[in-house]
Structures are given as structure tokens and as C-alpha cells.
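In what comes next, chain A is part of two complexes: it sits with chain B in the first one and with chain C in the second one.
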Partner chain A sequence: MAELVKLFVNGQEVEVESGKNLIDALRVVGIEIPHFCYHPALGADGNCRMCLVGIEDGRPPLVPACKTPVQEGMKVLLDAEHIKKIQRDVLEFELINHPVDCPVCDQAGECALQDYYMNYSLDDSRMQVAQVTKGKRMDFGCGVVHDQERCVLCGRCVRFTRQITKTGELGIVNRTDAARVSIFPGKPLNNRYALNIVDICPVGAMTSSDFRFRQRVWFLKKDPGICHGCSKGCAIYIDHHREKYKDDVIYRYRARTNLNVNGYFICDDGRLSYAGENENRQTSALADGAVIGFDEGIELVRERLDRARKPLMLISPDCSLEQMWAVQRIATLYGAELSGYSDNYIIDGDGDEYLINDDKAANRRGLELLEIDFSRAQFLTGLQHTDLLVNFNNDLFFGGVDEELKSLLDKTQSIAVCSHQLQVYESASIVLPTASYSEYGGTIINEDNVLQRFEKALFKNEDPKDVLEITRLLGGAINDAPHAWPGIKQSVACLADIDPQAIPAEGIKLQNSEDTNVGA
Partner chain B sequence: MSIKVRTVERKGRTFLEQLYLVEVIKGMTVTLGHFFRNLLDNSRLYVRHYPEVKPEITARWRGRHRLTRHEDGSVKCVACFMCQTNCPSNCIMIEAGERFDGKSEKMPTRFDIDLLECIYCGYCVEACPMDAIRMDTGIYSVTSYSRESMVLGLEDLLETPGAFAEEEYKKGGG
Partner chain C sequence: MSDRSELLSTGEPFAFDAERDAEFERLIVRYPIRESMIMPALWMAQEQQGWISTEAIEYIAERIGTFPAKVFELATFYTMYQLKPAGQYHICVCRTLSCWLRDKQAIVDYLAEEIGIRPGQISEDGRFSLEEVECLGHCGTAPVVQVNGEFHEEMDLEKFKALLATLE
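Moving on, here comes the complex of A and B:
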């Protein structure tokens, strides 16, 4: 915890953390200073002049809040007439050539320019001359669509490509009202984080071609979630909406700030992985290809499991800790061998130093902590000797079809509990549909040992049962996620002191996991 | 101030009234009187010959909706969803798509109004920034044999013309 300093805002005393600038420090105590160009990840640029505030201690009459660190006893003026006039004037300046096409702008509803205009200005335009027209609907590559007219030239996007991705595809060219953000001729955006530009753009100048015009943002329900795209476990917002007469579907993921894990950004692959939650889903139970009722399917699975001599259970490394625990319990119940084999989730060389990992499994640390074997040798021996394989949503062909496994799978009788229709489940004689990660809550541990909790975000019309619920229906004793925790705490030493209800939004960094890390 | 008490005379207690027959004949006299008067001269009827004679609708009447066009025939609607957002009965369903005619960047690819759910409040017309949706078709009787046909699509809404002259509509506060 950083040191606290006392300062005065509009004469009122507030206590804030030292070492931060005024915008960040005062935001924590609920005081908003309007700004366009400042972003905590990109640093203070001081070009927009929107955050000018007064300091009553003999400094120049106005200072940019983004470049002013908090000091003990500082007297900050926010609501003086001359400050309000500055804010109105800056907004009027930004709006000179702004097309005000909010009705067709995707940013409307979450636009800084719109919000600030409503909060600080509300003035009519005094311009008599025609507006400067610039490029619209410009394809910048990587799914980023740029509208130069809406741009306020804060330079966040330019700084993002220079400081964060270090690719520098963007620049501001020309001066005065001919200034515009542009790519270099023939060199579009080419990095795996480009869509973050859409998030950080304070106005509607950068839109995503994927989300463009698909929904107005005020209809979207924004629930926090965890990306299951790789073992980084980036914090995201799941923006979803149920249209009339339709089902609850996800429209987009956005980065959620979590300084323990991903900071302020997420990768494009993760951002676009929302589509996988909507499409290609397994929705009905199948027995030998024919649709059957879900309860009937459960009965069939129970029967087969009771009859099996040497069942083998396979669990997905994407499952939550609670689900893994529940499957582990039910494997003991049926005397089944349990494997977490998932080498195919590792795509060598795909990762980078930043947010993308080679390992596309969201909770491999969970497998390790619960001591679930995920070695290929164990799984292959198990598969050769088993008479019934129960696959809990593990896509064995994730990184491509494994011929050796495929021939073995074709020979084995198998049951698939799966969320998606995938090739690997085609050989299964019974298929049960299950929930995917946006449709259940739980906890996962990322590769850096950060334990994060996420809640159920989507409520489908026909809400699929998650793996944990299916184990309960198969005779398991664990009713829901909280019921799994007493057992997990007992068997995993480093989780013994965790209260699953009190995991903060930024997660908990597990300390002594190295000692208990036996499975690896 | 004292309370005024007025005793109301109870009728229908006399012998003749208890017989009913006399009273029925008295009532029928009135009915038949109207019947023969209207039969001989129907110009003095109190009711409108509804299906043949339509009522006069003013420009302010909120009738069935329509979508308007620019003078060059292109759709005015830019699919901003303001009407859908403002709709209290949630009867408007829009899907938007790209537009390349230079009028705007966005246009509706689907625009459905469920007339069975519409309460004809006119909030959609008020919310529209483009004057693209109006309720000036003068259609006040919306009937159908099936629920499905009560959902109007983009084409249905576009092809219905307005029933009033532009000045008249504007005068009506449109």
C-alpha cells in the first residue's frame, strides 16, 4: 500500500495515494477529471488540454492534471469558472470539425466526447464555415476501421503502437485541421493486439469491423469474465444481449483492467474468441447420432459407467478448479482412471513475451494442483486398456488431428460431455451437451499462479448444464461450485487459506505453489 | 351545513308496471319509431356508414407507421436504434448493415414493427433524428387474419405513402 497524502479538491479534503497523477489518484475517490489523451497504460501526453486544472499555490494558473503528481496539501480547483470555461472551449474546439454522426457511430453511449459534451458543455456550435471533410471508413487492417472526421487527435492509438506493441504502424500526419491519424502507405496495422486501439480510442474514430453496426452499446449487458483462450487468463468484459425472441448471445469481449494479469489490454485472438461461444455449439444429447432427451442421456451414461470394467475419464484443461475437483471425485466413485492429457492445447511458437502463451489451456495449473496426470504416456496406456472413455469437454484435436489418438479413439467406446460440435467427439456413442465458460462460474489459475474467479455471465434460453452439474447427475456428491471448496482446500495446501467468495477482482497470487506442485 | 336528503321516488311498483307488458309496448314504440323514421329517411342517421364512409383523419393522428425516403428514393433511416431504444412496448426490431450510397454509413437490413405489440404512442417518431419514421399513413384500422402478417417488415413500411401533404404534416406538429 502506497503512502497516503492529503490534498484539497474544491476546498474539500480528500486522502489519496501518493505517487500518482491527479487523474488517477482522484478517480479512486470518485472525482472524475475529463481527459482524452491520458491513458494509464500509455502515460501522460498532455496534448488534449482537457484535464487542465487550477492549483492554488503560485504555480502557473493552469496545469494539466495528467502531468501533475499529487502532493501533500495541494489545493486543486476543478469547479472554478475559468476551469469550466477551458473545458467548454476545448470541447468546442474538438467539435469544430466533428461530424456529430452519433446516430450511426458505434461509440455512441461510451464516447468520451459525447459524455463530456453532456457534462461540461452543451453549447451550440458557432462555426459558420463548412466543416473540413476527411477520410471515412478507412480500413487500417487487423479489423480496425478508422474515421478521420471523428478523431480528436489524442494520439492514444499512435502511442499504443509505439509503446505497447512497438510496431509503430500509426502516425499523425500534417498540421492544424489537416492533421489526421494515418497508416504509412501500403503498411496496414500488423500486430496481434491491434483491436485494443478500438478500446482505447476515447471517441468513435476507431471501430472494430467485427462489431461494427451489430448492436448499440447501451443494449449490451457488460459482465466481467476471464478469457479462456490461453493460459494467461486475461480479464475481460463479456458484452452480451438477448434480443427479443432470440437467445442470449455475446457480441464482443473487451479488455478489463487487471494489473496482476493482463494490465489494460488483451490480444486479438482472445478478443475474437467470443464467436466460439456463440457458434457450433452442441445443444442436444445424442445417442448413436439420434437426438434423445438430456435425462435419458444421463441415464444411459450412468448405465454404461456402471457396466464398464475399466473406465477412463478425460478432463479438459479449460475446466474450472471446482469442475476438475468434481470430476476427480466421480472418477473415484466409478473407479475410473482420470487423465488431463492436453498436449494438443500447446501450440509451440505461437506465444510471445506479452499476453499470448503457447499453452492454450486456461487452467493447467489447476490440473497440476489437483495432481491430475496429464502425461501422454498415462493417457495412451489408459486408452489402450479402457472399455469406456468419458471425455469431459477435452478437445484432443485442438492443435490438429492426432492420427495415433484418432485410431485409438475410433476403437474405443466413448462418451462425450461437450460444449461444441468438434471432430474429436464424432466417435462418441453418447453425447451430452454442456456449458462453456461464459455459462458457468468458477475459479481458474493462470500460468503465473494467479487465482481468478469468474461468474456465470450468459443465461441461455435452454441453459446448458455445466460439467459439475453433470457429475452431480451422474451420482457425484458435489452440488455446486461452493460445495467443492472444502474438499479442494483440504487436498491442495496452497489453496487452504483461500475464501472462494472473497477472491478480489484482480485475483490472488498464490505464493507457495512451487512446494505443492507435484503433478508437473 | 346540514346534509340535504332527497327521497327518490321508486318506480315500477304499480300494478300496471308489475304487468311488464304495457312497459314493453311503450319501449318498443320508441324503438320502432326510430326504426321507421330511419327506414323512410336515412339522411338523419346518428351513426356513420363506417366501411363505406371513412372518418376524416387529421395530420396529427397517429396511424400505422411508415418509413420515409429521401427525394432520390433512398431510405432515410440510418438504423440508429433510437426508436427501438425509446419504444415502451419494445415492438421494433432492427438489424443494421453497411451502406455505400453516400447518404450515411449505416442502414437497416431488417426493420420490423410488431403491430400487435405497438401501443401507437408515437415515441418512435419523436425519437427519430432523421424524420425517417412517421405515423402519417392515415391507416387507423390494422387488422389481419394471422399474427405473422401483423409484423411489418422494411419493405412494407417503405412502400406505404404518407396520407397528408408535407405542410399539413409539419403544421400538425410532426
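Moving on, here comes the complex of A and C:
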């Protein structure tokens, strides 16, 4: 925790962290300073002039808050008449050529221009000349659609491509009222983080072709979650909505700030992976291809497991720590071998130095900590000798069909507990539907050893049972995620001191990552 | 001002000629930040080609080691850079405050009526092109008109007509 400084805002004393600028420091204590161009990841640019405040210490009457660090005893003026006037004036400037097409704009409801107008201006337009018209619906590439007329020229998008992705596709061309954001002719956005531009654009100038016109943002329920697209475990918001007479579906993911993991951004692959949560889902239990009741399915699985001489269980490296623990327990219960084999989740060379990892498994560290073997050799041997495979949502064909495994799977009696309809589960004689990661809560550990917790975000009309719940129905002793923790703490040394209820939003960086697991 | 972001292409790769190539190498070492060389390089391309094409912008970006979008920004910001072939007489009329107040519009309107060109356009016979530009720094003697870089100050419609007659 940084040092605290005392300062005065409109005469009222507040205590804030030192080393921050006024916008960031005061936001923590609930005081908003309006701004367009400043973004904590991109630094202070000072071009929008919306954050001008007064500091009563003899400096010029107006200073930009984004470039003003907090100081002990500082007297900040936010509500003086001359400051309110400058805010109204800046907004009037911004709105001169703005189309005010909020009813058809995707940003409406989460738009800084709209919010600030309502909070700080409410003036009528005085313009009697024709507005400057510019480009609409411009395809900037990577699913980013630009509307030059809605733009306030804050330059966040331009700075993002120069500072963060270092690809520099965007620039502000022309000058005066003809100025606009543009790509260089024939060189559209071409990076794997481009859709963050839609997030950081404070207005409706940058929209996502994937999300455009699909849902009004005020209908969306915004729950925190963790992306399961790779072993980075980026913090996200899961924006979902249950329309009347329909089911709860996800409309988009957005980056959630977690300075321990992903900072302010997420990759486009992860952002668009929400679609996988909605589509191609396994929703009913099957026995030899015929739909059966879920309870009936559970009974069948129990019978088969009881009869099996040498059962083999396979768990997905995307499962939560609690689910892994619960599966490990029922594997012991049924005398089954357990594997977390998932080499196919690793796509060599796909990762980069930033937020994309080669390993597409969200919780491989969990397998390691619980000492669940994930070697190919052991899994192959197990598969050759087993008379019953129970696959807990592990997509063995993730990176493409593995012919060697496929021929073995075709010969083996298997049960699939799966969230999605995938080729790998086609050979299963019994299929049980299960929840995917937006539909249960738990903890996962990313490649950098950060433990994060996430809660159940979606509540479907027919709520699928998660892997842990299914282990309970199969006779396991773990009732729910918290119930797994006493056992986990006992067997994994580096988790011994963790209180699962008290994991902060930014997660916990686990210490002593190497060779600390004892017992199990 | 008019939108200058519609770049034109020559369809052929651009490169500095030997003389400008040497000049580039002589100048680039002066700048601790290589991107400071963008503006001199744009001048050189304009001298060589008469105007600055898409290919010239890409060449400069590549040569300096920066993004084409950054060179694009500067080329479109400064009206002294020609982004399309200019007429034999390139007329720039200042449109910033003093010149606007002192009726630069009369000159712009006259050109539209007499020669049929609006800002950003070139006459059919290729003799005249017109650009409205931002402040030329001669506000005390507004309105200001530039013809092929030469300043003509304290213009009014009559003086401008006389000036135009000398160009015929």
C-alpha cells in the first residue's frame, strides 16, 4: 500500500494514495473528474481538456487533473463556477459536429459523452450552420467499425496501437474540424488485441462488428469472470442477459482490470470466445445416442463404474481446482486411474510476449499442484488397459484429431461428462451434460502462479450441473466448491494458508511454486 | 478545411533519387529522434515528385522506421504538402481568423465562379489549383494569398483579379 496524502476537494478533506494523478487518486474515494483522453494504461495526453480543475496554490487557474499528481495539503476545486463553465464549453465543442444519434448508437448507456452531457452540461445546441460530415461504418479491420462523426479525437485508440500493440495502424489525419481517425490506405488494423480499442473508446466511435446492434448495454448483467481461453487467465466481464421467454446468453466479454494478470486488456481470441459458451452445447443426457433423463444417466454411470474392473478417469485442464479435487476423490473411491492428459491444448508458437500463451489450458497449474499426471505415456497405457473411460470435459482433439488416440477411443467403452458437443465425445456410450466455466464458480491458477476465484455468472433455464456436482451424484463426498478446500489445503502446501472466501479480485500470487506439494 | 485524407497512388514504387538519398543521409544524423526527419523527408519527396503519393509516404515510413499512419498524419495536417498534382499556379488562400474576418471568402467565391475550382480542386486545363490553408503567419496584413509559395498580402477582390491577370 502506497503512502497516503491528505488533500482538500471543494474544501472537504480526503485521504488518497500518493504517486497517482488526481483522476485516479480521487476515483478511488468516489470522486469523479470527467475526462476523455486519459487512460491509466495509456498515460496522460492532455488533449481533451475535459479534466481541467482548479488548484488553489498560485498556479494557473486551470490545470489538467490527468497531469497533476496529488500532493499533501493540495486544495482542489471541482465545483467552482469557472470550472463548470469550462466543462460545459468543452462539451459544447465536442458536440458541435457530433451526430447525437444515441438511439441507434451501441455505446449509448456506457458513453462518456452522453454521461458527461447529462452530468455537466444539459445545454441546448447553439449551432445554426451545417455540421461537418465524415466517414460512417468504416471497416478498420479485426472487427472494429469506426464512425468518424461520433469521435471526440481523444486519441486513445491511436495511442493504444502505438504504445500497447506497437503496430501503429491508426492516426489522426487532417486538422481543425476535418480531423479524423483513420487507417493508412490499405493497411487496416492487424493485431490480436484490436478489439480493446472498442473498450477504451470513450464514445461510440469504435464499435465491434461482433456486438453491434445485438443488445442494448443497459439490459446486460455484467458479472466478473476469468477467461478460460489460455493459461493466462485474464480477468473479464461476462456481459449476459436473459431475454423474456428466452435463456440466459452471453453477448460479449470485456476486459476487467487486474494488474496482477492482464492489466487493462485482453486478446481478441479470448474476447470472442464467449460465443463458445452459447453455441454447440450438450444439453441432454444420452445413452447410445438416445436422449434419457439426467438422473437416469447418473444411475447408468454409477452402474458402469461399479462394474468396471479398471476404470480410467480423464479430467480437463480447464476444470477448477475444486472440480479437480472432487474428481480425484471419486477416482480414489472407484479405484480409477486419473489422468489430466492435455498435450493437445498446447499450440506451439501461438503465444506472444503479452497476453496470449501457447498453453490453452486454463488450470494446468491446478493439475500440477494436485499431482494429477498429465503425461501422454501414462494416459496411453491407461487407455490401452482400461475397460471404462470417464472423460470429464477433456477435449482430446482440441488442436485437431489425434489418430492414435482416436483408434484407441473407438475401441474403449467410454462415458463423457461434457459441456459441448465435440467429435471426441462421439464414441461415448453415455453422455452427461455439464456446466461450462461461466456457469459455475471456483478457483484456477494461471501459468504465472496467480490464484483467481470466479463466481457463477449464468443461470440457465435448465441449469447444467457442474463437474463437481456430478461427482457428488456419483457418490463423491464433496458437496460444493468451498467444501473441497479443507482437503485441498491439507494436501497442497502452497495453498495451506489460502482462505478461498477471501481471495481478492486481483487474485493471489502463490509463493514457493516449485516442489511444495506434499501429501495428496 | 477540406479533407486531405484521400491519398493518390502513382502505382509505382517510390524511392529518393541519388541526390535526395544523399541529402537524407546527411540530415538524418541531426535528429536524435528519427521521426523528426518525417517532415524534411516529405519536403524532399514533394520536390522530387511534385506532390506526395501513397507510395512516397510508405517509402518515408519504411526509411525512417516508423508507422505509415504517422507520416500520413503529418502529411495531411500541413497544407504545404501537396497530396495530389498541383496546377501550374497553386493558389493558397488563408482561412484562419484574421483572413476570414477580412473577407477571404470573396476570393474563394470568385475563383469558384471564374475558374470553376473549389478548395482542393484543380482547373480542367491544369493551370490553377486552389487550397484553403491554415494561418500563414501574416495576420497583420490579412487576407493573405500564396501563389506557388509567394506571398501576396492585404488582398481584396480587385487586387486579386489584377494578380490573376498577371498569371494569364
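We take it that the second predicted complex is superposed on the first by the 515 of 520 C-alpha atoms of A that agree within 3 Å, B and C clash if a C-alpha of one lies under 4 Å from a C-alpha of the other, contacts with A are read in each partner's own complex, and residues count from 1 in each chain.
FYI, a residue touches a chain if its C-beta (ideal position, glycine included) is under 8 Å from a C-beta of that chain, and two chains touch if they have at least 3 such contacts.
None of these values were measured; they are calculated from a predicted model.
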item	value
Simultaneous placement of chain C and chain B on chain A, clash or fit	fit
Chain A as apex of chain B and chain C, Cα-centre angle in degrees (nearest 10)	90
First (chain B), second (chain C), both or neither touched by A:104	first
Contacts of A:501 with chain B and chain C, given as first, second, both or neither	neither
Touching partner for A:12 - first (chain B), second (chain C), both, neither	neither
More chain A residues in contact - chain B or chain C	C
Chain B versus chain C as contact partner of A:214, first or second or both or neither	first
First (chain B), second (chain C), both or neither touched by A:407	neither
Partner chain(s) touched by A:162 [first = chain B, second = chain C, both, neither]	second
Partner chain in contact with A:128 - chain B first, chain C second, else both or neither	neither
Which superposed partner A:180 touches (first chain B, second chain C, both, neither)	second
Chain B versus chain C as contact partner of A:244, first or second or both or neither	first
Distance of closest approach, chain C and chain B, by C-alpha atoms in Å	22
Common interface residues of chain A - those touching chain B in one complex and chain C in the other	none
Interfacial residue positions of chain A with respect to chain C in the complex	134, 158, 161-162, 167-178, 180, 182-187
Chain B residues within the chain A interface of the complex	78-82, 85, 90, 93, 96-98, 104-106, 129-130
In the complex, chain A residues that touch chain B	101-104, 136-137, 212-214, 216, 218-219, 243-245
Touching residues on chain C, where the partner in the complex is chain A	1-5, 7, 9, 54, 57-58, 66-70, 72-73, 76-77, 134
